[in-house]
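A, B, C and D are the chain letters, set down in written order, and residue numbers restart from 1 in every chain.
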Amino acid sequence: MIPVSWILFLSLSLFSIGIFGVLARRNLLFILISLELMLNAVVILFIAGSRYHSSSIANSDGQIMYLLVLTLAASEIAVGLSLVISMYRQHHHLDIDKLNKLRD
Amino acid sequence: MNVHFYPSFIVMFGALFILIQLCFVRSQFLAYFISGISLLLALLMQLFLQNQTSSTETLFTFNAQTSFISLLLLMIVGLIWAQLYNWLKTLNEHKEEYYLLFLLSTLGGLIMVASNHFSSFFMGLELMSLSFVGLIAYCGHDKKAQEAGIKYLILSAIASAFILMGAAILYLQFGSLSFTALLHITSTQLLPAWAILCAIIFIFTGLFFKLSLVPCHLWVADLFEGAPLVTSAMLATLSKLSVFIVLWRLVTLGNWQQYQLIIDVLSIVAVSSMFIGNCLGLLQKNLLRLIAYSSIAHFGYLLIVLLLINNHSMTFSIQNFNEQIMLFYLVAYLFTLVGVFSIFIQIPKIKTLDELSGLFWQKPFIAITLMLLMLSLAGIPLTLGFMAKFYLVMAAVSQQLWLVLAALVISSIIGMFYYLRVIMALIKTPTDKAKFNHINVDGNALSLNILIIFLVIGFGIFPSSLSQFIQQITG
Amino acid sequence: MSLFILLLIPLLGGVLAWFSQRFDANLPKRITFISLLMCWLPLIPLFHTMLFDGASLKKSQWLINESFNWISIFNIKAHLALDGLSFLLIVLTLLMALVALSAAWHEIKQRTGFFYFNLLWTIAGVLGVFLAIDLFLFFVFWEVMLVPMYFLISIWGHENKHYAAIKFFIFTQAGGLLMLLSLCGLVGIHYQQTGVLTFDYILLMQNPITGDFPFWIALGFTISFLVKLPALPFHSWLPDAHTQAPTAASVILAAVLLKTGGYGIIRFVLPLFPEASIQLAPFMMLIGVIGIIYGAMMAFVQTDLKRLVAYSSVSHMGFVLLGCFAFNIYALQGAVMQMLAHGISTSALFFLVGMIQHRYHTRDLNKLGGLWINLPKLSAFGLFFGIASLGMPGLGNFIAEFLILVGSFEQYPIITVFATSGLILAAVYSLLLIYKTFFGKVNSPQNIKIPDTNTKEWFTLITMCFILIYLGLHPQPIFDLVPIKLMNIAFVSFSMGVSL
Amino acid sequence: MTNYSNLLSLIPLLPILSAVILLFSNPSRLWVSILAVGSITSVALISSFLNYVYWQQTDFILKASLGNWISIAELSISFGLYLDSLSLVMITIISGVGALIHLYSTGFMSQDKSFKRYFIYLNLFVSAMLFLVLADNLLLLYLGWEGVGLCSYLLIGFWYQDKNNNLAANKAFLMTRIGDTAMAIGLFLLFTHLGTLDIQEIQVKAHTVWSLSDNTIASICCLLLLGGAVGKSAQFPLQNWLPDAMAGPTPVSALIHAATMVTAGIYLIARNSQLFQLAPDVLYVIALIGTFTLLLGASAAMVQSDLKRILAYSTISQLGYMFLALGVGASASAVFHLMTHAFFKALLFLSAGALIYSLHHEHNIFKMGGLFKKLPVVTVSFAIGCSALASLPFTSGFFSKELILEQVVASGHITLWWAAVLGAFITAFYSARLFFIVFLGQAQLSPDTTPTKSMSLALIILCLFSLLGGVQPSGLISLMPPLHADNLTNLQHWLPIILPFIAISFAWWIFKKSQFGRTHTSLLQGIHQLLKSGWAFDHIYQTIFIQPFKYLCQLNQYDVIDLFYRFIEKVSCILNNTFSQFQNGQLRSYNASLVIFCILAFAWFISGELIK
């Protein structure tokens, strides 16, 4: 069986790539994409968890959690895309750095 | 089917009815009526369930505390609902969808409050967050609302990602996602010991974002300013209440206090959010941003309660005294906050202190209510806010948390300054007479103000009735 | 029940005065006058016991004692009780309320209803402070009396009233919060040491807490009282609050609000923390003396009349601090007498300054001069009260200062010598005050005919003169009233004839 | 022996009664003068009656009490009055001279518009002085003491329009106040160690508690009481307020700054003589102060050009004589000199007042001359006064000053005796100089009005007193050691008698050569200026005490502690806008804050692990 630490390492690296994507990119669309990446990174751990804990009892919590996370990620992206459209209609650009009317 | 689910069902059916009503006829009154009925029924059902026996399942746990919290939640939502109709009239958008999202976010809150398992918690969290995004970005053509909506969406998505990562690591460690399982660590320990702490930190990041505690507090001021007024009210009360309850449950059930790191993180975050929250509000002119900063500070005070749990010793011979304090503080703070927001709803065109100046001399009743609420937020005696702060100080002193208490004193002194600035603005002699003619206090607004004054001052002077009620619950 | 009625009358009177403004502009004044007179009714039986059977005074410390359950979770009771000390201060409060009312009679023209509402609620707050025996109730009244005073200063004040009002509020609130911490600390540790959860002063007094905590808690209490007293490091709110407050508010502020600090020390710090207060005593005596000299020196250079009188009360309250922490029977009696005499003489001075400002619309000493020429009556009163404030024998202030200095000389001779030098400085600034305002050539505009004191003002000032002279020549009833033996204060030694 | 205690308690109350009546009613001028003068004369009659009753007895004591004042644990003080031979003499002087001066001032102040206010203050002054003299405990004495200081402040600043009158009044009050504070500290010390403030008890207890061997505390007490006496009687360290106190009306100067108030210091020391016996070195200090002041006063009076300042400096020097007498232990001769001095100095002041009154407020003596033809009564009274001052034989001044000089010799302080004799010489010189310049020589100003009947009546009575004052009341003899000690060498016996004549002839010689006005060399000019300003004490005190105090206060005008709180205000504003910098509305910085928190928490955790 693959040692747990590898899985953890993969997931954490994917997660940090997602975070980097969210922080670095200025375009809203790419932020949504990297968000999606972060959620997928998490999903790997859930699957790994259910796999490693299935020895004693049939532990399928992880897989159910995977389905749940995917659906919620999808709904999130749907709302996100609607906001992208409304932003483009108003600002004609997707650069979120220009969105700083709300400031102290 | 467990009887405790009924209030959530009623709210869900309410939302569905509104959906169906949307297909046939678009009338704001009908939507208002349906949501009112469903909330009222849910409230009555919740009242009826108060003295039911508690039952816990894998996903949900229904005991006295959760039923009281959901009762409190429904009451707050009910109070906000009361002013929804008049307020929505001023919006030139479709009105009915607002009620739909309103009910959905309440449903999300109810689920989260009763959740005992990461999946149910996550479902409730996402339901509430997404419906909030809809509520925030409700006014399609308002640039500020759009911007706030985008910010909230991205940030809450990141926060849920962090929470999920923490949950995943815990699941990897313990093999089970339910909160109660965190207590007894099973034999198969896959990850090294410190992995738990990393998981907790991930979860804390997500939760602290939702509670707008210091390191992740930057969004709250922009949201309150940008979002429509009632949405900010919901944000300030509903989302923070339910997230805090989950944080409380995680910390108590998981007994995370045994780790010294968690205690340090909690106390640093508490002290800094008290201090920075109040410092930010010092010279703030915009009313809503002022309330946002004061909510940062108040949740900093509330965090002290989490620090108290460390020894279950019975302080002052009262069982789980700390929980009572937490509940009392939540009740006090949220009622005051709802009061403040209902006042803001009654004075729509007033956004900054200068516009507010001189209100006392033309509309005395609104001004008095706002003054009393400000005094309650500042913690001046004979108000509910003071009583809550007094209980907090009593608990903290009985466990000798001197550093945190010192921070509490300093930050509440700083805080007193900007609450006083609001009162000062109210009593400034107005320049032109006709400044506040556009405000007309109609019947139910007046009755709402009287109810709020009764709650804040009545319970402030005679808190024993409220604290006894809470004592029975946690008893 | 009579004490609760005493508190309720001003509260209800205030609300009535506020709403009566709708019907007639000067109805609030009359309602306030009536309610202040009615406040004396619950005290009449006490005057009776005072005059006829002095024995009851000796039996138990408390003349009236009433308590109702309030917050059961912490066993907090609404416990009001009245003993000799609080009786004196309540009489002072009610007297000075009448003086404040007569000061505001002609001065406040607009929004009179809300003004008298705040005035009466401040009085009610102060009465509550002097009556409360439950520590929590004391704290509640301590903070509540500030809110109406804040309104008085910030709405009817003079040029930069907002700054002064906020400074006053924040200073006292900071002190109050510190007291909240030490209050809870005291109750928490008392609970841990004796297993009894109570906020009641009498129970806490019976078995004081031990260990190294009481020092810090006593320090917390004392600092919050020093802020109110005002003692030296925390005094800078007083000059601003006094200069910007309307006359009535500064009369109440000077006469009564400052005394709550002194009362708090005598009532709560000395009996509750016997050893800790003895450890604190040298520092507090030092602060007292520095306060006396510093206040006098500051008063000497002021150009604003009200600031001069404000700094003079900082110096006088330094004497009270000296008296309290000397742990000597004479010093404590002197401190109580100083609170009364200072209350009357300084509020009379503020009353006069208000009259001058009402007539000449200025408080600047350089613009005032030669008032004696066209206002002989007013200047005569000014001379009398200026002389009283420098401690002329035959008036109340002298008796107080003499007793304080005699009492504290035995324990701390050097400090007392410096405090006595304060008497010289007191003479310096009082004479400066009298000379700059009343004597010398007239340099304010001569054309308009300035009215001298009208009968109401004359009557108020005359009664204050008689009270001061009465205190000066026959202070014995005051000394009999203060239950010095029963107050559980560890008097170090008052046996004379011990060699140095 | 009927008990006259209620008569005694009447003495101090009558003046207060009349002052209060005057205060609250405003009768016509006639009634004001009747009431004021009447009350003082009635007190004078009572005291003369008491004199008559107790004339022959030496040790009589009359007690009276007006009620209890303060009684706490050990401290019990009452308004007790105590009359013995010493205070009998004092009240006779006060009420006698006081009555005459009241009579005189009805004439002197007749043109002044605040007539009533003047008499209220004067009556209050006399009652305060009577309280001082009759008090049986030190606190009541202190009450009289401060009351007298207050009334002198009010009366000096009576004409309040003029700026330097007020400044003189403030100066007088503050300098006496410094002395009073020293005395107050003395009171505290006495009470702390003897447990009582009753004067007679103190004298007795002092001898039991302390003894001549360990008398450190006793001498400290005596020094402090001496401080009070020095302040009130304008002796060496605190004497420069008296010349400026001449700014008040002349009858006030006569009453307060010649006859009564300035003698309070001597009365205090005489009253506590047993206590002072315990501290012989303090007595020697008193003698030294006395001699130094008498020389200072005399030398300053020699060069003054203002009529009233000459008399003021001469008062200081005569008081120096009394202090010298007290210092050598002859308190009876001091009191006797005090009595005679009260009479002839009051006479001098009143005649000077009459002079000023008739020359419409001219003070400079060099402008007056040859007035003996125009103002006969004033000239005669001035002549008698100056002769008594110069202690020519058979005047009252002669008897009392001779007595003091003999006592000084008897006590063995020869150097002090020589200084005293020198002082007597200068006194005779300047009194002669004053008389010659004002009354002889060619006339310059011509008086337009003559003093009224009441003024001249008062002057005549005072002339009689200052001539016949030589008779000592028997009461005093008991206090005094035997007269005419025999070990007097004939030089010491005869020199003081012939000395005044030498001084007068020397003054006549200089007057003849009309040298008084001009001084030749610059050295003389310097000395002249130094002496004129009272040995430049004003300048010294100004530089040592007043300038530094003013500078210190000016430095701290804006309350350095207030600046500290303004600093806190600034800091919180800076904090506010540092934190609000973070609120820059950038979404990406908000995301970053989340991630940063996570990283910081890890860093904290790892550092915690590493340390362990």
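Please note the rule applied: a residue touches a chain if its C-beta (ideal position, glycine included) is under 8 Å from a C-beta of that chain, and two chains touch if they have at least 3 such contacts.
A quick note: this is a predicted structure, and the numbers were derived from the prediction, not measured.
Relative to the centroid of all protein Cα atoms, the closest per-chain Cα centroid is that of C. Compared with chain C, the chain whose C-alpha mean position is the greatest distance off is A.
When the interfaces B-C and A-B are ranked by how many C-beta pairs touch across them, A-B comes first.
Computed from the mean C-alpha positions, the centre of chain A lies at a distance of 66 Å from the centre of chain C.
The centroid of the Cα atoms in chain B and the matching centroid in chain C are 44 Å apart.
Between chain A and chain B the centroid-to-centroid distance comes to 27 Å (mean Cα coordinates, whole Å). One simple way to say how far apart two chains are is to compare their mean CA positions; for chain B and chain D this gives 78 Å.
The residues of chain B that reach two or more other chains are 150-151, 154, 158, 221-222, 280, 284, 417, listed in rising order. Chain contacts: chain A has residues 19, 22, 96, 99-104 touching two or more partner chains. Shared interface positions of chain C, defined as residues touching 2 or more other chains, are absent. Chain D meets chain B in the complex at residues 572-573, 575-577, 579-580, 582-583, 585, 587, 589-591, 593-594, 596-598, 600-602, 604-605, 608-609. Those residues of chain A that touch chain D in the shared complex are 19, 22-23, 26, 96-97, 99-104. Chain B meets chain A in the complex at residues 118-119, 122-123, 126, 130, 133-134, 137, 140-141, 143-144, 146-151, 153-154, 157-158, 160-161, 164-165, 167-169, 171-172, 175-177, 188, 190-191, 195, 221-222, 225-226, 280, 284, 289. Against chain B, in their complex, chain A makes its touches with residues 4-5, 7-8, 11, 15, 18-19, 22, 28, 31, 35, 38-39, 41-42, 45-46, 48-49, 52-53, 55-56, 59, 61-62, 64-65, 68-69, 72, 75-76, 79-80, 83, 86-87, 90-91, 96, 99-104. Of all residues in chain C, only 167, 232-233, 235-236, 239, 297-298, 300-301, 329-330, 333, 370, 372-373, 387, 392-394, 398-399, 402-403, 405-406, 409-410, 416-417, 420-421, 423-424, 427-428, 431-432, 435, 438-441, 473-476, 479, 484, 494-497, 499-500 touch chain D in the complex they form.
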